[in-house]
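Heads up, the next two complexes both have chain A, just with different partners, chain B and then chain C.
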Partner chain A sequence: MLPSVAPPAASETPLPEAGAVALASRRRNSAPWGARIAMTFLIVIVVACVLAPLLAPDNPLSTSITARLQGPSLRHLLGTDSDGRDVLSRVLYGGRSAFEGVGIALLGTIILGIPWGLLAGLAGGLVDEALMRLADTVLSFPALVLAIAITGVLGPSLVTAMLAISVVFGPIVARLLRTAVLPLRDAEFILVARSLGVGRARIALQHILPNAMAPVLVQLFSLASLALIIEAALAFLGLGVQPPLPSWGADLAQAYSYFTVTPLGTIVPGLIITISALAISVTGDYVRSVLR
Partner chain B sequence: MSSLDSRSDSAHGVGETLVTVSDLSVRFARAATADAVRGVSLNVQAGRIAGVAGESGSGKTATALAMMGLLPRGTVVGGSVRYRDRELLGLREKEMRTVRGRRIAMVFQETVTALNPVLRIEEQLAMAVRAHSKGSRGELQKTIRRSLEDVQLADADRVLSSYPHELSGGMCQRVMIAMALACGSEVLIADEPTTALDVSVQHDVLVVLREVVAARHLGVLFISHDLAVINELCDDLYVFYRGEVVEHGPAQQVIERPAHPYTAALLACLPRLHGEHIRMPDLSSADLLSEQGSGCRFAARCEFARAQCQTHPDLLELDAGSGGRLVRCWRAGEVLSRAGEPQQASTQSVGTTPGGEA
Partner chain C sequence: MKRMLRRRIVALVPTLLLSSILVFALRSLIPGGPADALVGSNASGQAIAAINRRLGLDHPIVVQYFNWLGGLFQGRFGTSYVTGTSVGSIISERVGASLELVVGALVIALIGGGIVGIAAAVNRHRFTGRAVLSLSALGLSVPDFWVATIAAGLFGLTLGLVPAVGFSPISAGLGPNLHSVILPVLVLSIPTGALVTRLVHSGMVQALDSPYIRTAWAMGIQARRVYLRCALRNAVSGIITFLPLALAGLVGASVVVETVFDIPGLGSEIVVAAQSRDYATLQTIVLLMALLVILLNCAADVAVAAMDPRIRRSL
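Our next item is the complex of A and B:
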């Protein structure tokens, strides 16, 4: 009787696989300090915004004629805006709509882009061609212009703005996914799965998709960062979150004409938009390096 | 999961024919003239391992893929492949999927890369089994573990929770066999399963195959270019040359006393410790063209070739008493008698071309 499993012979040292495998069985390396700061910041700000009802000193909507345009004080840590509302509270609540917006945009992008790309990559031929031409068409519109057009039609609000973003981002993800799917179709383990009678849907979802997701995941971080900025930009233009609801972009629009009076009202929203977007982007870079 | 347990299937004895391939032909979409497979007939029987030997391009893999319905779209396939009473060629993809894995399974040459790199072994095994049955999780676990046992992977917990790249090639290959077993297939087509493995690991896998065949009465079609392995493992042997079966018979007999010049030449080419290394004569381009003609496909390289070999030989029975051997050669009798003689060194006279030699 043979002894059971022998330890791998030297010549059979398994080869490390790239990206997709790193995703699955992560080796514990310590992240570079920049990435750690970025991730920490993100976690902190997201948690803070989620806990805004607990953390905010004031109701972000409560105005006060007497307390307008004040500088930082113990009562108002970041001062007040031109309507007398507490800036800190506005920022905390504004973050909710910022990240909610990012969430909606990402969800919409995923729901639109992944089936799109998967279908194009797997179907091939005419279907693939048609889907990719459609993607090209959508991508020929500048994101912001398209967002403005869509919110113009559907009426301005956070949700419509973010759906508009999804429409633009979807084809980006679709294209990326399709590119990753194409070489997988001929992969040996796909042939093996087919030879065992595994159905096409299962192969697509459990074999192909997980192996193709790595570049898409990285791209989603970049898109999230962009979504944040676009949400702020749209709010700035009055097309996203509508006043008096708090939003970083809208607050920025309102405050910058009073820059000389209370610079903080302008600087804080501006800074936090920039830094949040940067943090997301840096985290995305780190994810990309991990997946290599 | 008794419905998948081939041991409790309606009893089939050793020797029962499970798959019959008749006059199979395969032509790939882009190939203008040559058939990859021409008029191939073979049987797979329960409890027996049928070997398929031949060089690259001889049509072995194409035959296997044709049996599984895995040839690329646009490939022209003719003839018949019958699994029990069912004709497999021409089945719709959906129906074919009920056959693949559940009835007939295939094991490939690649080992580690033949498994999904981002899924644990357990998930991949489960997926394969789930494709064919809907038992409870407990039954699923039982089936999976039993199949791992059958391929002698004792540390089931470790194997199941591993990713493919954490296992060695031999272990991966056994996992693939386990997947086929777990699905409950009766027929296993193994396409060069040990070619990518070390000799020692190869031995383990072969032993596993033998045991699995004995325990579950599987019918195995074992494709390999390695005659030594075939000699050790197989009961029957089909020798392929350029898309045709040129010889068939009990494996050890064919190898010991080949009746076809190609088989004899193959065996003569096996490197030996003493004496000069013999090579089969190379083909010139003129010969390649003539090989596509209507005569024997091996004639251009055959030392026995004569005028009569311009007529394509049929697969003929050797004289009775040779144990059911078939040969596709007009001069098989002479080849057989020559097989008894010790081999000469390099410069044997060669048919029509001055062949290359060692």
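Our next item is the complex of A and C:
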């Protein structure tokens, strides 16, 4: 992911290339405890959700009229929901779609934002102006509102919700990348590469892009934590994962109707969303401090 | 100053046009077109053609865009695809509740966040200052729909202190109105308040470590005056710059909060419109929200420039 080509003029461009060096030198000093807890939690929860078919005590879709809205018990560690389904199993399976969604959203953001920012930074002039004006315009829509509009038009599902988030996030990545590309465009090692006859596409993709990726990489963590929350919010509003499929946001919405009977169904998914989002951003902060 | 104002307003035109084009283009994403979404894909060709004629969808796309844009300028926002009522009347009915929520939350966030931020900056070397800062980070990342449901469930459903759902307009009396909005407004103000706290804190801390504050201390100026008159001022331009962003966040969060508390505002309407595929309503409200953010962004730039001569010259 990080530099494949070290710039010859490294002393003059103390840019991302320093990331790999810093990573090596920091390895001796251990990460702060906050970042350690966050990363451990993330690994545990992602693995648990991926292994949901093995770990889940019950089928997340199997309903039971006799076992509705039960409190925690040995059989149902987190109780059951209003359809008698095991909450723990639904939380595990719901996490699968949540992290799958974050993955799709980030992939879409990269596919959209990187060519956008790279082109704007390298082309300059009118193309740059037009692309950045477009980015500013997309960014002037409140993120959730634009995502709702797009899912409303395309029809609600996990994939459309995540594509909508990519459209909202793409310009953020584009702006960041453009800012990182601009000083590299005129750097000496690029001049050297060009004078050696390296092609334009190769300069852009192999020499400029890897050296401009560090701020984008850091930003992707914040975007991932935001994507997790927006995905849950869209599902909560009925515009994401559709019931009866398990999802943190939609399950929370369903459980809320029975808040007075058992508040656990409302508290647990929200708590997991909050801690996961927080863990992603704490990890991102740590990556930022390492790359500096 | 005048030149800068003129340039800023001229730059507004392409942004406004572009945002209207983006919102209009949403329509072309609809699988099968709006008519198809309205009557279902197994409707006869005749029925679809009739709907297209009624909605003006039989014209070329560019003509459609200018018809739509021209209509917006004349206050014709079209009619709802689902209920058939005019979108203009839907908006004017619902804008009041949304405005009350957003403005109320903004005021509470600015006052509350300001006070907490100042306290955190003054106590920046103590445990309390750091604890407040960590808490504000939590306030920024906690999902609003979760806070809203927990608050409504706890204070509304379980304790019964305030209504968990519903809204009584000001016309029905100020008391019941405040009673029905206090909880949603507080929930809405949490992320913005956390943001204001952080901005006030960072602006003030930056100032407190700078030479001019040291001079102020050395001159024997009272602590209260140093903090509030000298250091706080340094944080104000940061807050004004972030105000449009905060407002965009508030508008986005109002969608969720209005839905949870069942408040008849623009935010809850947008969700209903998206669920029922009511594109005319959806389009207009989305555009309205974007316009609000764009105009406020511009106003904030101008306000910061008016306050700070360095920025004025650089624009």
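Please note the rule applied: the second predicted complex is superposed on the first by the 263 of 292 C-alpha atoms of A that agree within 3 Å, B and C clash if a C-alpha of one lies under 4 Å from a C-alpha of the other, contacts with A are read in each partner's own complex, and residues count from 1 in each chain.
As a convention for this text, contacts are C-beta pairs under 8 Å (C-beta built on N, C-alpha and C of every residue); 3 or more make two chains touch, one makes a residue touch a chain.
Owing to the predicted nature of the structure, the values given are computational and were not obtained by experimental measurement.
In the superposition on chain A, contact of A:I273 is made with chain C only, not with chain B. When the shared chain is aligned, chain C comes close enough to touch A:L146, but chain B does not. Once the two complexes are laid over each other on the shared chain, residue contacts for A:R194 go to chain B alone; chain C is not touched. When the shared chain is aligned, chain B comes close enough to touch A:Q206, but chain C does not. A count of residues in chain A touched by chain B and by chain C gives the higher number to C.
Applying the stated contact rule after C-alpha superposition, one finds that A:S225 touches chain C and leaves chain B untouched. By the touch criterion defined above, A:Y256 reaches chain C but does not reach chain B. In the superposition on chain A, A:L237 makes contact with chain C only, not with chain B.
Shared contact residues on chain A (touching chain B in one structure, chain C in the other): none found. By the touch criterion given at the top, residues 14-15, 18-19, 22-23, 26-27, 29-31, 138, 141-146, 149-150, 152-154, 157-158, 248-249, 251-253, 255-256, 259-260, 270-271, 273-275, 277, 279, 282-283, 286, 289-290, 293-294, 297 of chain C touch chain A in their complex. On chain B, the positions that touch chain A within their shared complex are 68, 70, 97-102, 105-106, 108, 110, 112-119, 123, 127-128, 131-132, 152-155, 159, 163-171, 176, 179-180, 183, 197-198, 200-201, 204, 207. Taken in their complex, chain A has these residues touching chain B: 2, 4-9, 11-12, 14-17, 20-21, 23-25, 187-189, 191-199, 202, 206-207, 210-211. In the complex of the two chains, the chain A residues touching chain C come out as 133-134, 136-138, 140-146, 148-156, 225, 229, 232-233, 236-239, 249, 252-253, 256, 259-260, 263, 266-267, 270-271, 273-274, 277-278, 281.
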